[in-house]
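One structure, as structure tokens, below. Some questions next.
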């Protein structure tokens, strides 16, 4: 687990069952390298199941979309209800099937909206857009996401852009884990500029 | 496979990779019993993977939402691009992860809209609502779906009702496969009344 | 779960570990539609594992017979030892690997025989024939089953017929879940005639 | 693979999809140690899937019977139709779900009956009894098998004995792979005496 | 389980999580046939997970090395710390991923060295060589193992020989489970000669 | 996939079947962020299987070591035989079961030795140490690795240090993916200093 330091600025990372593995763990290890502590939060402070989403190559029967397989486990260190926006320097939202149910948690929506309105940087990839859409944080903004979530972005009032990574103000979004490199580069730049 | 008869009225059943197993197969076997031929359609006329969605009981690490596991395979007998609304007496839309990507297929959206506007009965459960929402067929209507898709219903302009099965005009919707019994009872009643 | 009503006639459905998923769940949802309550019973009143039996299409190494994969779970609401034949209007026996061990339960055999001798309708598919054979309920009768269980039918004194669905008096049998439609159509007709 | 020698006496081992792994591979490696070449035979001369049958210990949801999981693959070196009883010094029949479908192969039944009538030793464990029963080789004989196959033994006219290993004349039977040690000890003794 | 007799000479079989299934179970059943009781020992006296290592035939995406899949479970009847070399007539070490961590257990290393220095026969296959290497029991000896462990043999001071089975004094080694037959033949001969 | 630029310095990443998922993919996405192109290389230029290694939390039957499960696939863009050390600015070696067989590839060993002797930075975690040990690149150096590979380090002449991350000259090593953050921080610092 990344080192934790009392004086490190904190990044909120909401997780739940079926959070995508590489979507979640890349940022989880990357952010502490630049001095940001990742605080995993979930509906409860407990272990959650991450999952792998991959289109199986050369399959006997081809897949149009990703197949889901069991991933690593990850512990949420705090429950959504105990989150305070002022404790965080930014927020990182990963994908998978988790955002679809997390987006109804009123505590998560509250803290997401507060982080947005406090002008703190926010990164999001893949299905994570469903949380931003439900929190009404992307209205009028340009965003990207995995193509099959373009509608979730539009339904939240955003303009979907078909590009690997899209930044609009303090919100930077990406299609999926294949864009981890650029997403984190831009997100960390925003975090540093915001300090 | 259910018996097929040239003179049987046909029900369109869109499927894709990750269509939910019991959501799909119950109606698949049930409709022919009352003389309705089920026509499975997909992005292409080929085999697709269905999946099981179940919250694993007594799990070592509990699941908030369903776990996904491999299901049976099902062949789409026709591609969406070759569908004509006038060939069908109604439409049945199952759930799983398939509707999330199927909802961008313009051929499927066209035929769904035509079936709605032709006043033909339409049944839908679970994530299937995403197709109805994308096709703009539920605006102003009362519908139900699995709770985590309530927002997909709302984003399509529908009024989400927290009930097992909800009928509004010719559209009958259900939460999930646990409501198969009542959903098919009402859908078949609508189909018979429409004849 | 299907609605339960005190005044609904009850259908006994024996289940156990490795009951086949579609064999079991189709009837489980179908019978309540016509007013029959399904009472699941097992060696104990507890959760059981259903399994999927499917010949994997296009497999790297082909399969002559079905592959077995984990299915949904289903709770037996009552233990075999607590069953009374007079409480039931009929009986439905699904397949999978469960019947092979359930057929030694003396309580299940007793109630199966009583249901037969009380002239109540009985439906059975696939390996379910092993229970009817063990209970000596098919002697002299025409039945069908999955081809690899033809011998189990013969060993119970029945005449195996190679057809999708076969009815002989009050017993209607089918090869497997691909015959769900016709099996339930005929079984429900028998149940209604018997009332 | 065990060494093969032109002058070694041969033991016929029928296999198919879902032959049980330890039932099959123990004898496969054991017999050549005493100079007996194992000839695997199947419906076709091709690769087959073996499977593991084990009651999962400490399961979240307990299993009354074994769970099935994928095992190793094993190649049948010859097709049943090409077998001649005179080429073999004996026969070894393993269990799993394979015997249930292999027992309808007329070539396998023919060669099994011929091996019996030629007074050559025959070993069998678990579901393998279904082949002996179908070939009518155990009528009037004392045999054992896994308890859930006791009826398959009885239906073949045998007397089921509840014991780990049972020998009656040239046929030695066992309950399952936990009895591999004693089954092979007795079978090899019979083979040596028969030479 | 193999019969256990107070007067039978005992063979020590160290196991752990990820011991290879066929590597372990063949000897487990074979040794008692000749009057040797197998005593399974582990870090603790508890259940362990065995695993299957097999190169999947005809895979969509080929494998250079074996794939790992879940195997049967096996109970260690005694903990390493409670072992005494004088209780054993010999030792059998199977492969898989277990030896890699077992080789740090000081109790296991102690008893392995004592068995070697007491001139008792020792058999080993595949990754089991890692335990012999760590215990410094193969220095200057000719051994074999799976090719990818040749270096582990060399690092223990042994001379790696590319052959199915290699005996040097009282130590007999084999590449993997495909050599079970010859390995056990030679090991049992050594055990009998040592008595 | 990370952006590729002709003028970017290149980092060699050897992969094979059973390379550990998070060991491999974290560096794969991280290095391009600082302008280093990752060149995946394997025995052949083809797709490889990565695997997840995790101790399953709260397991019914506990695991002493990690369980292996299927991961994502990753393509090697070049075969080992076509590698030239002068094309690279450094090398990153991940873990899993792959290094155990990759360490015999003479082309990989050659290029690894050349990269070492050219004083280019090299990072390694977990089982990756087996490649450095086989290439004789860590003799006399302080290194760390997963505890169960401490012996592999020692057998290569290194001094094993029980710490999360250890740097000695241009070689920086880590225990496993939980140390991704610090490993990459130090490796990138070395790479930048070397330019």
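Per-chain numbering from 1; labels A, B, C, D, E and F assigned in written order.
Going forward, a contact is a pair of C-beta atoms (placed from the backbone, for glycine too) under 8 Å apart; a residue touches a chain by one contact, two chains touch by 3 or more.
The model shown is predicted, which means the values in this text are computed figures rather than measured ones.
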{"item": "Other chains in touch with both chain A and chain B", "value": "C, F"}
{"item": "Least step count from chain B to chain E, where 1 means the two chains touch", "value": "2"}
{"item": "Contacts common to chain C and chain F (chain labels)", "value": "A, B, D, E"}
{"item": "Angular offset of chain B relative to chain C [C-alpha, multiple of 5 degrees]", "value": "180"}
{"item": "Chain whose Cα centroid lies at the greatest distance from that of chain C", "value": "F"}
{"item": "Chain centre separation in whole Å, for chain E relative to chain C (CA means)", "value": "47"}
{"item": "Separation of mean Cα positions, chain F and chain E [Å, integer]", "value": "30"}
{"item": "Chain C, residues touching no fewer than two other chains", "value": "47, 56-58, 60-61, 73"}
{"item": "Arrangement of touching chains [line / ring / star / complete / other]", "value": "other"}
{"item": "Touch relationships between chains, expressed as pairs", "value": "A-B, A-C, A-E, A-F, B-C, B-D, B-F, C-D, C-E, D-E, D-F, E-F"}
{"item": "Contacting residues of chain A [partner chain E, same complex]", "value": "56-60"}
{"item": "In the complex with chain F, residue positions of chain B that touch it", "value": "60-61"}
{"item": "Footprint of chain B on chain C - complex, ascending", "value": "1-3, 21-22, 25-26, 29-30, 32-33, 47, 52, 54, 56-58, 69-73, 177-178, 180-182, 184-185"}
{"item": "Residues of chain F touching chain E in the complex", "value": "16-18, 43, 46-49, 51, 61-65, 67-68, 73, 97-98, 100-101, 103-104, 130, 134, 147-152, 155"}
